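Chain nomenclature is as follows: A, B, C and D, assigned in order of appearance, with residue numbering initiated at 1 for each chain independently.
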Amino acid sequence: MAIRTFEEYYARLEKMSRNLYLGSEKIARTDERLQGGIRIIKETYDRAHDPQFQELCTATSHLTGEKINRFCHIHQSVEDLLKKQQMTRVLCHRVGGCIQRCMGIDALNALSVITFEMDQALGTDFDARFRKYLQYFQENDLVASCAQTDTKGDRLKRPHQQEDPDLYVRVVETRPDGIVVRGAKINITNTPYADEIIVVPTRFMTQKDHEYAVAFALPADADGVKILVRPAYHHKRTRLKAPIAEVGDGEAFIIFDDAFVPNERVFLNGQEDPRQTPFAGFLALLFAHYHRHSYTGCKPAVSEVLASAAALVAEYNGIEREGHVRDKISHLIGTAELVYAAGVASAYRAEISPSGTCIPDEILTNAGRRLAGEEIYNEYKVLADLAGGLVATLPLEESFYHKEVGPLAQKYLKRNPKITAENIHRCFRGIENILASDLACVMQIAGLHGGGSPQMETITMMARYDLERLKGIAKYLFGIEDQLPPYERETVTPRKLLERFRGLPEKG
Amino acid sequence: MAIRTFEEYYARLEKMSRNLYLGSEKIARTDERLQGGIRIIKETYDRAHDPQFQELCTATSHLTGEKINRFCHIHQSVEDLLKKQQMTRVLCHRVGGCIQRCMGIDALNALSVITFEMDQALGTDFDARFRKYLQYFQENDLVASCAQTDTKGDRLKRPHQQEDPDLYVRVVETRPDGIVVRGAKINITNTPYADEIIVVPTRFMTQKDHEYAVAFALPADADGVKILVRPAYHHKRTRLKAPIAEVGDGEAFIIFDDAFVPNERVFLNGQEDPRQTPFAGFLALLFAHYHRHSYTGCKPAVSEVLASAAALVAEYNGIEREGHVRDKISHLIGTAELVYAAGVASAYRAEISPSGTCIPDEILTNAGRRLAGEEIYNEYKVLADLAGGLVATLPLEESFYHKEVGPLAQKYLKRNPKITAENIHRCFRGIENILASDLACVMQIAGLHGGGSPQMETITMMARYDLERLKGIAKYLFGIEDQLPPYERETVTPRKLLERFRGLPEKG
Amino acid sequence: MAIRTFEEYYARLEKMSRNLYLGSEKIARTDERLQGGIRIIKETYDRAHDPQFQELCTATSHLTGEKINRFCHIHQSVEDLLKKQQMTRVLCHRVGGCIQRCMGIDALNALSVITFEMDQALGTDFDARFRKYLQYFQENDLVASCAQTDTKGDRLKRPHQQEDPDLYVRVVETRPDGIVVRGAKINITNTPYADEIIVVPTRFMTQKDHEYAVAFALPADADGVKILVRPAYHHKRTRLKAPIAEVGDGEAFIIFDDAFVPNERVFLNGQEDPRQTPFAGFLALLFAHYHRHSYTGCKPAVSEVLASAAALVAEYNGIEREGHVRDKISHLIGTAELVYAAGVASAYRAEISPSGTCIPDEILTNAGRRLAGEEIYNEYKVLADLAGGLVATLPLEESFYHKEVGPLAQKYLKRNPKITAENIHRCFRGIENILASDLACVMQIAGLHGGGSPQMETITMMARYDLERLKGIAKYLFGIEDQLPPYERETVTPRKLLERFRGLPEKG
Amino acid sequence: MAIRTFEEYYARLEKMSRNLYLGSEKIARTDERLQGGIRIIKETYDRAHDPQFQELCTATSHLTGEKINRFCHIHQSVEDLLKKQQMTRVLCHRVGGCIQRCMGIDALNALSVITFEMDQALGTDFDARFRKYLQYFQENDLVASCAQTDTKGDRLKRPHQQEDPDLYVRVVETRPDGIVVRGAKINITNTPYADEIIVVPTRFMTQKDHEYAVAFALPADADGVKILVRPAYHHKRTRLKAPIAEVGDGEAFIIFDDAFVPNERVFLNGQEDPRQTPFAGFLALLFAHYHRHSYTGCKPAVSEVLASAAALVAEYNGIEREGHVRDKISHLIGTAELVYAAGVASAYRAEISPSGTCIPDEILTNAGRRLAGEEIYNEYKVLADLAGGLVATLPLEESFYHKEVGPLAQKYLKRNPKITAENIHRCFRGIENILASDLACVMQIAGLHGGGSPQMETITMMARYDLERLKGIAKYLFGIEDQLPPYERETVTPRKLLERFRGLPEKG
């Protein structure tokens, strides 16, 4: 069986070369300040071995027929998409937020489609190469970062127009045995404790940008890869141990300082073969699409975690029956349900692409992800509202155990008389972690931007939605046209776009 | 085949007794001012005969195996729920809004569950009685109103506490052959041109309210039934004929002035048998539930009609490429998709009740319906925003054909030079109907309140949602409890409540 | 004393030539269908004679020292601006919405500034001409429409670029004794019962658009003026007389079919003297500015009317103590207070321009007007929410007095037992007028677009706001610059822009 | 002159007794972790000596005629209120947020009214006592905390009903020379570096709660006072020094462990004289009222700081001309202007109370504060939206100066080519402080709850607003009453409530 244990994963981390930079230090992957993120990844290994979760957290490899961790799986069916979505939701409940491993599965699924399509269109042999890499990935049950966001320099210029040509990752040299890449990718979660970095383009590329049309995978500690780390973690608890206090985050600013990628790990290279350039955009799009579908799993969980804390503190504050409290909580729940429903409906409308990989509906996925992004700050507001100011002013844990003032501090914590002071303390301490910490801010911002901000979802939706067909309704009702358009809107997947693109002349 | 034609329906209307009161007149069911509503119902007959729509608009009766109009069908499967939802959306596109016939199917489905459950619990024989009525209904392809909302008097008092005992519909006498009912039901769409009125309770009833626990069906022109009508319709077009200008609405204030209901049409009677009283609430709930699920079909269509008009007028105004325009339209589309997705996901989570009738998930249905209700006024605002003030100031149609000023009026209508003045006129005239008319206001208010206002959906959601389980997430994360609750929330249907209720002692 | 009576105004209307077109008819100014609007104007005359309101509704002419109707007054001080704002609010309460006479005062104030400025800049003699017209206007206590919005044709093209050169009002000929104008102005309230039409440009004009740079006044029944009318009014009450049922609206589509304007009524003419062209934009801006300031008076009143009806129906429905009800009403009140406060603060920051006319702060005025526009649909939603569906389904008034069903209808209206059925009827009938009528839609759309939609206020704010100075705060805080900018933002008035403009070379 | 220097203030801090508890430590008032807060207070001293700011930041004592720091002043006029509001806005710009000294001035103003009123009503001598304390306060230019929020225990019970009688601060003993107090106050900003703690009640008290009706002042280091501290501060900068990085916050959980208060510092004592009990509520209300008016000064500044950073980063990201960017920024500006306008209009409607102290309008103040609170999370969202994810993933400052990766990190920071990498770094580093830090969360939560959450403002507004008068508008319009209520709403101040209360029998 290809499902590894957390201990095996951790042992791998310990063996990796040192290329993490934290402030002025060079640190180990198992540095104390990264343990919070590692603790989250642990959940993805432990649950795959947990009988209660195996149906969700494992899958059968279509390559080998072996049972694998679902985070390494290529979706073969609607059922796979639904299970991935549910797995994401359930695991996020367990860590109080982002499960940090979906980037890998999202990148792999996108590559599985695009390598196949390229081969069909160009007669290349990327799909076999990718399948070989995928098998290695599944057998070793690897954790991958997907590095997409380039630094982008002047946002009004295309990659090749920048003053400094390195502001998007590019191929500086194609050698017989591989390529040399230069540039940086930013805003990448989990890289400090990932095994692999999968690099995909950040946008559509024109022919003049062909050397920026590149996709590949590298071990995270490969030569020439330098990772600037920004960790977020909580004040360490001494008495009131709690899962929420143990989680953390490690963000990366990844620099490819002329790193070499061997051919078997290169999946797109416009520099060598400019005909591949247009596929950069489709890959960018498709990774974003899978990642947004993953958000229809994790974001409902985030809403539920916030709603859960809100409901608990409302009970502890004795206000849980008040109308405005129930109204506010019901809206957190409603957002969770609507975003999840968008992902579910999107999966039920999915199409099997010629590669065999299942692609969910794009309009629904984007509508769901957008709602989540639009609501995230408001959701934090609701929890802050119901918790009250104390979460931002709570004295440090140790003060409650100080021999002089500790007993007094505990005495004055009492609220709902049925709840012990310790549980009230645990509740506010936990909400402090959720709401008033470095990590809280990172989660807010990730909830807004991760997978693409609402602005991006709007753009994607409107780029894909068939507005002419929509206008047909008004034209019929207003007597401008005699007939309504056919009654069902088409399922919209990037696959459709790909098909349309094949028939189109190229633009510059 | 049991599917009738519009002509047969219309002939029935013509034959019915006169009990419609409009202002100071007593009018025929086919009065000019009701033709707009009748025009809408026509669509439900015509499409059932239209090959392109038959898969959606017809079904196979589980009673007879005959092909019937889907509006008469009891949902036997997830597929049935999905088709009903899609049929609703598609037909609403064709009439620019509410299709006005879902109340019947929603009431029938609710009755199919509750009559069965009552028989199981109390050993009564309502289910057979209902099935007989259903078969008659299906064979005659009837249009039914469902009359639920009582006048309710003092909202702080229960039915039996009101100064006037008639402020909720009640059984004033049970005779061997039937019952005599008194009271009024308000806010009922379509009754002026419906064949049947199905009456269900408006709320849970306590034992003291037992004589208010009543459900029955009557022909709309039965003795003792008096219908006060409020029609809404558009200024009649003389030149620019258009579907949107032909639709209308007839609302009813139905008075049961000691009307007699024969036993075979009585489906609940707490006055005779107080053990039936608690089922009043479940029936109220279940009708509302099916009706809200229907809203997940019609409201996306309403959003799409508004979005369609917005996109068309943006094109005609030449502003369709502007960022804020696309953003606004994308939000109309997003609401449509999210509400529809909630209904779809709700159907996929449906449960087959012991009666064989399929009941969708309640949390999802309510979350979807609520979003629709919360957004409705904002959606009108978006269309008004993009259309501009002209829709509220447009001179009457005839002015554009007046021999002196008509040519000038046409000249000054021109906008986007690719669009003819007539089409611009059609577009603004159509949006006038949607946005600046009596009917527009009725649609806004129906969009808010129909099927229950957002306030009601919040109450329903919170009454059913398992908050303790939700709190379990925070308790685990905060170290208050060791285990998370099971990872999937239960599907919530009124059926569950029914089961829970059976085990509970009764409250007064 | 120059303050006329309503009877004098009405007598003038009766004497005017017939140039109103309603559908296929040519109608009198005192046509039944226009009485609702006339009833509103009546309030502006009656209150000026009412001792209780004289302080607000009259002013002292700076031209003659005579007491005049405030609707004819040029603001000489902050006090004048505050009184105009309060007068507007108070009169709007009395008619349940728009008072329909502010356009005149807003146009006159704008002209008083611009004619003076033009004379200063160009050595023309417009100010004396305007003052003479103003004195005539004050002495006859006239009602004026201000016609600003052109039909605009293709919105992506400037006036002179349109296929049809008449899509903006223009001077087709300058004669020794006056000008001939052609074009149409749309979306103009009150013209069917106004004495005068004051025409101002709709936008900035480039030199190539010079023949479109024109402002003038004409009697509303002048030769060549053709007014296409769209009235909105309520179903006539037979029993339950009420002020809300008597108001109405008359919108106009005004065609200038080569109308002649004598020189003493021409206030800007770029065709004759292209140096005047740039002042077209300033006049457009300044009229909009005064009109938006008037909205900080009327829109709070609209919010209060809606809040008032919401509070009353909540009482009648017996739900006035519920938390969500109070919350919703408090937000209507809050919007009223904030919008009004914006106008007040704007007045306190006003500047006296060299012409002597007082100009309020532009950022504040726009921020206030925008909030009002953004909230208007939501405010209608709140009233609909608290009133319930009955306002859209209420049978016609006559049904409640029908000998057969009237007593039953009354019986079933009863709610809060302390309130008579008649008062409940009055309440729902009144809300029907506010919420579910042709006029309701016009008021919604006017609340959004009147004086400029929120989009326009955002554009104005951002065009005028000193963003560089704002960025100075961040530059200081982030260590990019050493000093903060001066601590008070400048008062922003169109006057400032005018000054800036004088020093600038002209753009094409 | 009574205006002290920052150095004098700092010297006082150094001399104070140690009663601060941080985690398990007992720390000095000048501890490194409190320097951020002290840095903010510094601004209030330095600007009072800065000629450019003296008009705003100083005032003339009505007690002594001496020039004093405005933070020690009792508002004698509308002008004073306006200057206090403006001072608050301007100083908040300088520290990027809360100026942390308004609590003192707000508490003193509230006490100046209530002590006078109590003397009038009860013949006591509190006003003279308060004036003596005030003179001492002004002469020493003290910094005060106002401790209002009790721990409150079970929120459904009144103080005397709690299981533990100490869950609201109370007088446990009245001695001839003073009182002994017990209890705790929470959520108190600035106490760790304040000179004085002024204690006021948190709510209305019934007669049974009389021993909880207490107000007094104590030096912050008085015997029996124990302060649990929670500091928030930024990662210390090594290279890119910036004001935003130097600010911080110290929150306090203050325990009164049987602390003795000498009579000259006691301003309300219901335990000794139960007739004073009702004044507890008025004092609670009036402090909250002044504090909310202060928020109409500080919150516009917070919005402006966020808008400023948003505008700057939009420029640096090269997207400042995009429509959605300008729209978002304009809404931050709009909120700032509307909240400030509410405070200005509230000041212009102020009333001079019999004590001579000026009290602003309550409806307007609450409407303004509420809008600020409702928008705060959304404002952070806008900044996060325009800044992009990098603010949450930015590597630590030192990494940019690391000899190996520093130059690469700088290279990849470049965006808008006109902006140096260092300035881009400064900008993102600064926004990191604002948006992604411990302090950011504290500011969000303080922006929501400080001075009372939106929920509290709604309650206050609705408790004070004359709804019957408002309903009068609808009653007139609907024909239920013949006359409209008088046309101006009353100015609403707590003073009015006080008057009304005097005439009322007491409730229990």
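By our rule, a contact is a pair of C-beta atoms (placed from the backbone, for glycine too) under 8 Å apart; a residue touches a chain by one contact, two chains touch by 3 or more.
Small disclaimer: the values here were computed from a predicted structure and weren't measured.
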Check every other chain and keep only those touching both chain B and chain C; list them. A, D
Whole-Å separation of chain centres (CA-atom averages), chain A against chain D: 39
Centroid from C-alpha atoms only, then distance chain B to chain D, rounded to Å. What do you get? 51
Multi-chain contacts in chain A: which residues touch at least two other chains? 324, 327
Line, ring, star, complete or other: which one describes how these chains touch? complete
The chain B residues in contact with chain C across the complex are 21-24, 149, 151-156, 163-164, 166-167, 183-184, 186-189, 226, 228-230, 251-253, 255, 257, 317-319, 324, 376-378, 380-381, 384-385, 388-399, 401-402, 404-405, 408-409, 411-417, 435-438, 440-442, 444-446, 448-450, 453-455
Complex contact set, residues of chain C against chain A: 322-324, 327
Going by the contact rule set out above, which residues of chain C touch chain D in the complex? 52-53, 56, 86, 90, 93-94, 96, 240-245, 304-305, 307-309, 311-312, 315, 326-327, 329-330, 333-334, 337-338, 340-342, 344-346, 348, 363-364, 367-368, 370-371, 423, 426-427, 429-430, 458, 461-462, 465, 467, 470-480, 484, 487-488
